[in-house]
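Consider the two complexes below, in which chain A is the common component and chain B and chain C are the respective partners.
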Partner chain A sequence: MSGFTISRRTMLTGSAMLLATTAMPTLGWAQTPKKGGRLVLAADSEPRNLNPAIVASNGVFFISSKIVETLAEASFDGKDGLAPRLALSWEGAADGLSATFKLRDGVKWHDGKPFTSADVAFSALQIWKPLQNLGRTVFKDLSAVDTPDDLTAVFKFAKPTPFQLIRNALPALSSVVPKHIYEVGKIEDNPANNAPIGTGPFKFGEYKAGQYYRLTKNTDYWGKDEPYLDEIIYQVLPDRTSAAAALEAEEIQLAAFSAVPLADLDRISKVPGLKVITKGYEGLTYQLVVEINHRRKELADVKVRQAIAHAIDKDFVVKTVFLGYAATATGPVPKNDPQFYTADVPTYAFDVAKANALLDEAGYRKGADGNRFSLKLLPAPYFNETKQFGDYLRQALAAVGIDAQLVNNDSAAHIKAVYTDHAFDLAVGPPVFRGDPAISTTILVQSGIPDGVPFSNQGGYKNDALDALITKASETLDTSARTDLYKEFQRQVAADLPLINVAEWSFISVASDKVGNIANNPRWAVSNWADTYLAG
Partner chain B sequence: MSRLHRFLRTPEAVAGTILLAMLFAMALSASLLFPGDPQAIAGPALLPPFQNWSLPLGTDRLGRDVLAELFHGARTSLAVGLAAAAAALVVGAVVGTLAGFAGGLVDEVLMRITDAFQTVPGFLLALAFVSVVGPSLGVVVVAIALGTWTGPARIARAEVLSIRERDYVAGARVIGMHPLAIAFREVLPNALPPVLALSSVIVAAAILTEAALSFLGLGDPNRVTWGGMIAEGRTVLRTAPFLSIVPGIALVLTVLGVYLAGEGIVETTAVRRGLS
Partner chain C sequence: MTRALTLIRRRLVGSIFVLFIVIIGTFLLLEAAPGDAVDAYIVSTGGDAGMIELLRHRWGLDQSELTRLANYLWALLHLDLGQSVTFSRPIREVILERLPTTLILMVSATALSFGLGSALGIYAGARPGSFRDRFLSVASLALYAVPGFWLGLVLIVIFAVDLRWLPIGGIETLASDKTGLDRAADIAIHLILPVSALGFIYLALYLRMMRAGMAEAWRQDFVLAARARGLSRRRIVLAHVARNALLPLVTMLGLQSAQMLGGSVVIESVFAVPGLGRLAQEAVAARDTPLLLGIILTSAVLVILINLLVDIAYAFLDPRVGASEAGA
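On to the complex of A and B.
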């Protein structure tokens, strides 16, 4: 059998070496990055299409962000929360009609060809704008990309586009792929979608379905002395309970994206040699949201929606469903967002009596069986927490006389039922906040979105004032005026409740003490890991 | 010796009967002992068993009373098990009787259909059916019956084939009874005992299938089921193993009870036949 396997012998020598290193004095070794080594980590899904320029999702980034780089990456301390990657600097024109990117010199694709502005222009015009799930919205007015020289790319917009939005979109939406590979044939069918070629610190090695992905070191990487690791192995462990056991058995050194169930964290944090890390996901906040079908006459009444908001004990949800690894939400922008969040919005304290009073006021009195009306509740199946919140919501609604019938679906059936067929009354969804409300948040409440677009307003909600506000914000170039408009957006959403934001959470990593430079940026799990190393 | 007496002299039968009686008692008393919604949040989450005597078996991840869920789960398990077995037996007996009594083309067609069903693993069939139609209690019952009616059908047919040659059947024909009336009034009742002997195996299998479906998230989400409880507990298996173990034990005891009692019945009837 060719390829990579963990044999008993390598495991034994590995553990023998581990014993030897733990016996040595350990003071200080964690500070100096060490070269070499193979990082083995848990992967819970196996995306087929690994092209992050087409599929901008965390499952794809988790693997391909090491291979294909973006123009800029999120950063804790950089200007505007960004650190340069393929672009060294960026600047938007005052009229919002152009944005200039200065590119890094001396960068090579994995096949040896030089990286130039032509690749950026090709990626932006041929992929991000027409094909990418998120780029379609953000780059909708992109009309041309000028390339005055090999290291300058000038984005031209047909309509004024706020540079703040472009900037905030860079970490997730600007994966650059090689023009010379993608210009032949249909982009969607290009073999490089399954074996990506990029400029990143790691090259695509191989993929064995159901077993692993292997990435190998790019010796020609532009970063000085980087990457430190020789290899990254994504061991496919679809069962969430097995990641914890694999960590304890030292078969893997890292489980990101909460591969270890929250309930196990307390126990695993006490295992010597393992650490639980809650940082490194600040730029990937998930929101626990109750999606509402406004076609139901009961739910079209704002009093009923307010009553539902009052019936949910957000603190209980954070404490019990998320075991404290989450925060209560006040509105459509998460509290940890440094640019847009405002706490100055109408809030709904947990108050069953008030919820009952509001429902009575709305004219839905309790019947003889104690129920006011019946609803169909569809919890999204992607996370344990969304399913559990569905169970909780059913009980919370029962307490105010709303009989919610749970309907469980698999992922594909859930997306079809909610976003295409609208066969729901309430749904529990986990939309992602991606650093700017215009990327994937306003779409949740905006009207006029065609049927079938997942994670968008499919509840039939239409509010002209809110639509006008969203349009105005998308055309406002001044950063502070734009930010103020999104604060007003949060107030209006919280007041009218087109959907109910319950909590915000992010992921947890569990890693061996030997893994260094973990969580050093707000999108660490989906960043390039050029500086990640294995000590000892 | 009376039949009951003989039944009670086999120790397995007694053990099985006691287990079954307990299960029925749990199912029947569920609403009395634990009125209201068993899925209501009753206390702090993940309370271990035997800590708080108002919640003797502790609570699950949302703080729901495990004992109340266990009692209400007994209802679902029993209801599904009995209903699915009844459906499978009725369908199987009717199909088998028709095939055996009519013979010829009808027999061929019905038996090939039976073969077709038998070649597909019953659980797979149930899984496919529930994921297409959508999980609810009735659908689960039909799904389980779909995979289990073939056994009774084949046994009924075999019995009918021998019975239909008997003199009293020929007599019924001679006096001009309608063939369907002969099949269902004269033949079927006499063909039933060996078919009924299958019932305990079918009930036990149905309870397990229902639990497996719920475990995979294809049970009725608005009802407590033991399989669903085990699945719920699986995510916290390392920290709160009792959440999976308690319903698991209940499931084992139930299936064991059904099986032992069924075995006792078969034994008793076999002895009676042997003596007569």
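On to the complex of A and C.
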């Protein structure tokens, strides 16, 4: 594995970067990895289905990515941002109708059977395409997977499919599970979904509900001398304050996925023996977005939406809600994306006077009580930050004469209210950017999506020109032409504001100084940890 | 003995009715909560319309509420608690796995609050109005006013983080492969903090009741009589005053068991104890209706049983009570 590459890309600007540089001294000293040891870390949730081929989500990957591997993993310095895993090379045909993967030789499943192209074909056709939450979209046109030999898998598509999309989808969508385990019985009911069998550096050990997951070393792993750790234990700590306490008490050595709340980071960074790490999540960027219900006549007016954009002080949000651990956003693709991002889009500076003027222009003058109109505002409850931004947004809107009433729900109720019942005017949501706008970003503004689909355009927005652009991009095979179309997509979204992108953030890890090779790829927390080690 | 049996029979008949009401009530309440198990599930996964429809069908959520309630009750008649949608396992298994933990926690915490509470209550009530009486009253009230999670966190910071005498959470050392006595000792050490956090909150109730009961008893004629007979103060306090003040505490014990279950939800979360309370919280968030029904049913049975035990104990402690109920 390559060494730790500090600031190869400037991912998140501002104080997040500052923090990364202060963390450098401890990280920069290369130590020879030590073998052995048990890594104990905090887990805040217990995914029931641990099969990452069916459930491609960070909660599942956090545990399963050590057991079940993908064809390729994200990388800071690899070609196209990828490093080989189960596939050694990949190539798309010029007509977009096929893609060829050369597979790694000598790889064994945890039960000793050899890994072959048949496993890849089975996983792709029987699981990714029909069952996987993200694969159902990306692999919808996959018609067959040919296996000319044990180490070659040729994906065939019914319609031309941009290889750039397939490539970008590999780290999250291409978990390969063993055919010989899954071909018997119903895939959804297979016991291996709760005790996965893979090719990864760690084997599934045991799961004690409410207590821990235990992964043990795969002594037959294909990586030379890997893995270094003997065991990984995920201790279930449901209370967010307890992860910090457990780190301080040296009961755990790592808390990933911001298990330590932002407000505690300043204090905990001063504890000797602990380090705060902001890198290693560049491929898991969350976007703070104001979702808009265009069925409300006021919000259907672009002037009103622009006024709302002007009313939001993005810098203030980054500083106070995220305590600096975020970046301001300009549009639907985050700044840290190396392929698609463009800064060349209409922007909306914080300007209350202008916001007021735009609202006046739109015909919504302030009434006697100082209000122009009232709105229902639903902040998503999944993160502290989305809730806090809801509070901020209410105040920001009050400053321009819009009376926003906060409606707080738990997760299930929020999902239903916004995406099925459309019982909102504004909502605060945290969609995820997954390395390619076609995976889960264009769906946020595209029209014609059935009711009830979460994290999609449920605000009734319909823009024929934008829909046409999205369709064209999805069919464009040439990588640079496709990239340009997505730059145009960003410009159109920023101009018409079907939703308002406010900020972009990712997670923070807190770890003991003893944990080595942390954050050495852009999806580190959900990668295989074959090279992670514990220094003496 | 027959007196106790009559009592048990009466109670059991009434209990079945109570349980039925509890089930219907919980079911309706959960149905009224917006969002179902699929809505809760897709928060972390997303998914298209086809996948969502598939999940609703697999989890039986495409059936009407009435059908689901009828199915649940029918299965329950056969003593089948059903399948948890989030765990994809039989609910009976999931609950039985967690029940012992919660029971140990509750019983230990009750023993602590009842034992220490009544002892301190006797100590305070032996000299009503004295400094120690006032001090204990104020101190215990302060504890009672403290939110459980906060007390838990303070205990963690002091004893687990700063002093490192005790583990910060969990029910036993993770993946330690301990067995027998070693394991029991390990569990006991892990229980010290959560039991203290849960027990100390309710300690005030027993202390105050004991003290009030004793203050009352001091004014009774039989105490005057005992004094007149020249009994030692110690003897009067223990045998006459405290004994008479103890009865209401036993009643409290039964009532308190339900509250203790509620309190354990918070404490189990703070101390990462894998018990029923935490499971209930997770079941609500996941809208896992059958699982929550199973937990509530178990809790209800538990509370009914404890109260039954309390009534039996009461009948033995105070013969007047049992006689009047059994004779009526």
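Just so it is clear, the second predicted complex is superposed on the first by the 506 of 536 C-alpha atoms of A that agree within 3 Å, B and C clash if a C-alpha of one lies under 4 Å from a C-alpha of the other, contacts with A are read in each partner's own complex, and residues count from 1 in each chain.
Everything that follows uses one rule, which is that contacts are C-beta pairs under 8 Å (C-beta built on N, C-alpha and C of every residue); 3 or more make two chains touch, one makes a residue touch a chain.
Note that the structure is a prediction, hence the values are computed from the model and not measured.
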Have a look at where A:Ala368 lands relative to chain B and chain C in the superposition and call it first, second, both or neither.
neither
Partner chain in contact with A:Ala353 - chain B first, chain C second, else both or neither:
neither
Who does A:Thr241 touch here: chain B (first), chain C (second), both, or neither?
both
In the superposed model, which partner reaches more residues of chain A, chain B or chain C?
C
Pick one for A:Asp410: touches chain B only (first), chain C only (second), both, or neither.
both
Is A:Asn384 touching anything from chain B or chain C once the two structures are fitted on A? First, second, both or neither.
first
What part of chain A is shared between its chain B contacts and its chain C contacts?
241, 410
Chain B partner, complex, touching residues on chain A are 240-241, 244, 261, 263-264, 266-267, 320-321, 381, 384, 388, 391-392, 394-395, 398, 405-408, 410
Residue numbers on chain C that touch chain A, as the complex places them
33-37, 39-40, 42-52, 58, 86-88, 94, 97-98, 149, 153, 156-157, 160-161, 164, 167-171, 174-175, 269-275, 278-279, 285-287
Chain A residues touching chain C - in the complex, by the definition given at the top:
40, 45, 47-49, 55-59, 131, 133-134, 136-137, 188-189, 194, 205-206, 208-212, 214, 231, 233, 235-239, 241-242, 245-246, 248-249, 251, 382, 409-417, 420-421, 440, 449-450, 452-455
Which bits of chain B are touching chain A when the two form their complex?
37, 39-41, 45-46, 61-63, 131, 134-135, 217-218, 221-222, 234-240
